[in-house]
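Here subunit A shows up in two complexes: once beside subunit B, once beside subunit C.
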Partner chain A sequence: MPIKAMTQEWMDAYKAAIQADPEYKGIAKDWEGSVSLVVNPEPARNVPDPIYLFMDYWHGDVGDFVVCDKAKADSAKFVMTGDYARWKQVAYKELDATKALLQGKLKMRGDLPYVVRNIKTVNKVIDILGRVDTLWPDDNK
Partner chain B sequence: MGYDSDLSFNYFGPTKIVFGTNAVREAEIEMSSLGGTRAVVVTDPGIIKAGLVNDVTASLGSRCAGVFSDVPQDTGVEVVNAGAEFARENGADIVISVGGGSVIDTAKGMCILMTEGGTLRDFNGVQLLSRPQTPHMVIPTTAGTGSEVTNAAVIMDREIGQKRLLVENFNVPRMAILDPKMTEKLPPLLTAGTGMDAMTHAVEAVHCIPHEPLTDGLALHAIRLLYRYLPLCIENGSDLHARGQVQIAATMAGWAFGNAMVGIVHAMAHSIGAVAHVPHGIANGILLPDCMEFNLEDAVDGYAMVAEAMGVREKGMDDTDAARAAIGAMREFTRKIGHPQKFSEMGVSGQDIEKAAELSLSDGSIVNNPRIVMDSAEVLGIFQKNL
Partner chain C sequence: MAGGYAGKFLRVNLAEGSWSDFTVGDDILRRFIGGSCLAAKLFLDRYPIDADPLSPENPLMIMTGPMVGSGFPGTSRFSVCAKSPQTGIWAESACGGTFGPDLKRAGYDGIVIEGRSHGPVTLTVDDSGVRLSDASTLWGRDIYEVTDELKARDKSAKVLVIGPAGENLARIAAIGNDKGHFSGRAGLGAVMGSKNLKAVVVRGTSAKAARADDEGFKLAMKAAMQEIKDSALAEGLHMMGSDANMDLGMVTGDVPVKNWTSGGEFDLAASLSGPTMREKYLTKAHACTNCPIACKRVVKVDDGPFATAEGPGPEYETCAVFGTMMMNPDLTAVIKANELCNRYGMDTISCGSAVALAMELYEKGEITEDRLGGLDLSWGNMDAVLELVRRMAYREGFGDILADGAVHAARRLGGDAMDAVVHVKGLEAPMHDPRGFHGMGLAYMMSNRGACHLQHFVLATEQGMASWPQLFDMKDDYEGTTSEGKAALVYNSENYGILANSLSICHYVAYSIRPETLRDAFNAITGFGFDFADILSTGMRDWTLKRGFNNLLGITSKDDILPKRAMTALEEGGAAGSVPDTALLLKEYYALRALDERGFPKAEMLDRLGLDELKSRLYQ
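Right, the complex of A and B next:
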């Protein structure tokens, strides 16, 4: 049963999927710091308001995974912002996150070299995201 | 050579180019076309001493808001902040940079602060801006960086001991004036080093993962021009035709790598530059042939095209033979132009390359390389060959 994207239930499922992944802990052992995803509204795709998602990653462990307000999102070490359609492309691996940053399809506040140094971690969490059975706001399921 | 049937890409290159001998004398007219009324000229003491700013300020006349010339060889956050303050105090609404990479990057940082306010430390990230920035006209005095047409700037933050990378599509220079007279007095070593910077941009644009037909076209023609005209510039610096062709090549390579990105050569050159202060272009030139060798299996198609551009693909060669011919020709080319061959010539030690190898893995360029690099020992091996 697919879960509605970008809801607390979906965040819980995503966190559980990361925790259940046998490789994640080892790959992410050097990552420290929270990441926020800011989803810009696109009413035509059934996303009428901005959505803020906060995820806390720490040396292979995961902490808070919450739908939050703007202030909480802004408090993260890395804040990544993009249109809803772009995030969906990232989730489906139709869009490479690093390439998207360099092309301006996504924006990021934070230390780019740190992200590059830990690119395997970034790719891993995107891989796992793609495995969460998701109902997107513009899906006709 | 083919491309995937599901090829998709974005190409971004909004900079207007004005080319010609003495084109800098048009600076005032061109500034007006960008909507500028008072320009701050950004440069460095060497450029002032060489008299290269005179034609620009003469053209601007009373519309020159002032000359900011305190840019060192490796610019820093405090330089950008001071430059922006200078521009604001003097009522400038457009920036004209006259110089090489450090000057151009300083001006890029200033454009952001002149529009957004604050200091450069407020802008830590990628593509953070959401509106066009202060117009920037670039007049390069070297032919290599390609910075006149790219969205990136590298600025040292000495307080934290790290370089800040600005990547902003809203801050690409609006115009570049390429005037061969501006590079006429470059000495042979600097001509070779900056020329190999351009050559490396072109080759890396061909072998990097995001390469596509537009960037390939630009890069391969840049390689043709550099291969033919860079040696002529070394032989006779006053050959303005050759100087101009190399300037055009450097700009084309800038567009190519600005979209297709750069790979392992740049990751390593940035790192050895940070550790041992090896000039960027020279580090690129030393590393390029062995990095091509390293990438060979994953970039055969691209290097075969490079061989064609260099005119070294002979009848009967398959792509692998042609790629090998390109690598050999590139090695020979660096010798022909009198480019340094080993890092030891630049005072680099074994300890330096160990540190630089480690650092290379966290450089943003490494993720675009055609051969995946996960182990610093692989990078160290390339450095050792070139020590």
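Right, the complex of A and C next:
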């Protein structure tokens, strides 16, 4: 049963999927720090307001995975912002997140060299995101 | 007179010790712009293309473009062009740094150097005129020493210098500008050496090229600065230099390992990467004239066997060829190798590729330690590598065999050595694996100076650094290890990207700004009023002209191939199991370029592009 995207239930499922991944712990052993995703509103796609998601990663473990407010999102070590449609493209692997960042389709605040150094971790959590059975706001499921 | 141009070129005959100015008409400038494209046009019109590249008959052309000196970001560049002594075909090598704007301010759009001096000379071009002076005391000395000496005489001078490799006619010799910037590829330092020309010094302060539209230029300039400020690519280049690619490229299968035989060496990449250089050895970022990105590295290694004084640091290409290609995890050794190549004046890609070939042959027992003059060339033994680099520059012992690059070395060594060389048309491939990015494989096959990542913008479009759907049809994201759809991407990325070397603008700046901004700046400077279609058709003319140049020298479809090693799939890494579908790529590409079965541009394409003289020579 697909879960509505960008809800707390969906965040819980995403966290569980990361924890269940047999490779994640090893790949992410050096990663320290929280990441927030800011989803810009697109009313035409059933996203009327901005959505803020906060995820805490620490040396292969995961902590808080919550839908949050702007202040909490801004407190993350890395803040990534983009239009809803772009995030959906990333989740479906139609658009690589690194490419989206370089092309300006996503924006990031945070230590870019740190992300580059840990690119395998970034790719892994995106790969897992794509496995969560998701109902997107503009899906007709 | 079109805007942006100084309005004259300098022709110097070293044999006669004479010089004169010449001009190029607006119609020619509008169609061939400047830089390497205009150089190819001038070469075909005025010089014999069948001359030996190291003979006095081969002209050495140092060319700027109309945007150089304008102050627009990334326009400090110039292109050095000639027939290549390494490949025997068209050669161009663009360089950043400081030289281009000063040449323009000295009143020249370019310099064409003919003949051979009887003894070592320095050419000086400044506000007071042109001079040739004896360079006997500079001959034999390395690029850093000579640069320092010439700048001690005039601290504001901008200099081009060759090192011992160029003097010794190593066919991989480079030309250095102010120590940290190089016209590296295709052996143009050897052409300069063959002319007994040790250095070119420019200092210009007075000449100022007119601009067609000052207000339009200001708007384009403002847009460019904002776009660069907003660009994550530009930010990454500023923070990590081009070596930011090391970590990312290892994941995607871009980085060649162990002379192109391995993949997926993530720990090796981490120790050689841009973030590592930044954390451990970077003292500051350095910019070419008028560049807000500042991708150049200045590094220092305080201690250890490869301690290096503060100076220009290695680019990604150098980190790969002296790092992953040699199974060397020590970034300090790469920094030292970079310094040696800079001092001796050798292209790091060709130099490192030749050394990596020798390491593989040593491992296989096909070259003995005895033949290497006592060097243990085991993978990763960088003490031996650095000594071999020195011997290459001075053509000592086995270094003489490698001094002309991997292809010439493999020919001399015989056996199956050539199977271990990744090259196209005699030029070793840069450090981007065509098995990981099939479009790059096609670009290698079709680049006019041989395997090259800088005659086009394929690196940016295929790897996703830039996306320009407003300029030509393209997707948001391309999978590297597929050949479908890549011919059109390469064709369009060539037609746009090849102009970097005629406008004389940096690839990284062009990747970071919108095509509209570049177009508007170009038009504001020149007054040409180009739209996107004009831009792309000018790129087509550029590519076709150089292709025709090479066709006249015997290049055909038989030369448009990837070598055996690049067509052998890897077992691990991001490119595992993948090789380009070269038949598909070439079939689609040939149709787009209107190349016939011989690989010649068809007559109707030459008509369309207005290349009448080339047509008459190809179809006489």
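Descriptive notes on the structure:
Everything that follows uses one rule, which is that the second predicted complex is superposed on the first by the 141 of 141 C-alpha atoms of A that agree within 3 Å, B and C clash if a C-alpha of one lies under 4 Å from a C-alpha of the other, contacts with A are read in each partner's own complex, and residues count from 1 in each chain.
Following the convention adopted for this analysis, contacts are C-beta pairs under 8 Å (C-beta built on N, C-alpha and C of every residue); 3 or more make two chains touch, one makes a residue touch a chain.
Quantities reported herein were computed from a predicted structural model and do not represent experimental measurements.
Because the two structures share subunit A, they can be overlaid on it, and in that overlay subunit B clashes with subunit C.
Once the two complexes are laid over each other on the shared chain, residue contacts for A:Ala44 go to neither subunit B nor subunit C. In the superposition on chain A, A:Ala16 makes contact with neither subunit B nor subunit C.
When the two complexes are overlaid on their common chain A, residue A:Gln89 makes contact with subunit C while staying clear of subunit B. In the superposed pair of complexes, A:Lys99 makes contact with subunit B and with subunit C alike. Looking at the shared chain after the overlay, A:Ile119 reaches both subunit B and subunit C. Once chain A of one complex is fitted onto chain A of the other, the partner contacts of A:Lys107 extend to both subunit B and subunit C.
For subunit C, the stretch among 24-32, 42-50, 366-374 or 438-446 that collides with subunit B in the superposed model is 438-446. Applying the stated touch rule to the two superposed structures, the overlap between the subunit B and subunit C interfaces on subunit A comprises residues 98-99, 101-105, 107-108, 112-114, 116-117, 119-120. Residues of subunit A that touch subunit B in their complex: 79, 98-99, 101-114, 116-117, 119-120.
On subunit C, the positions that touch subunit A within their shared complex are 230-233, 235-236, 239-240, 244, 247-248, 251, 266, 270, 273-276, 278-279, 463-467, 476-477. Taken together, the subunit B residues at the contact with subunit A in this complex read 10, 12, 124-128, 162, 165, 167, 169, 210, 261, 361-364, 366-367, 374.
Those residues of subunit A that touch subunit C in the shared complex are 89, 94-96, 98-105, 107-108, 112-114, 116-117, 119-120, 123.
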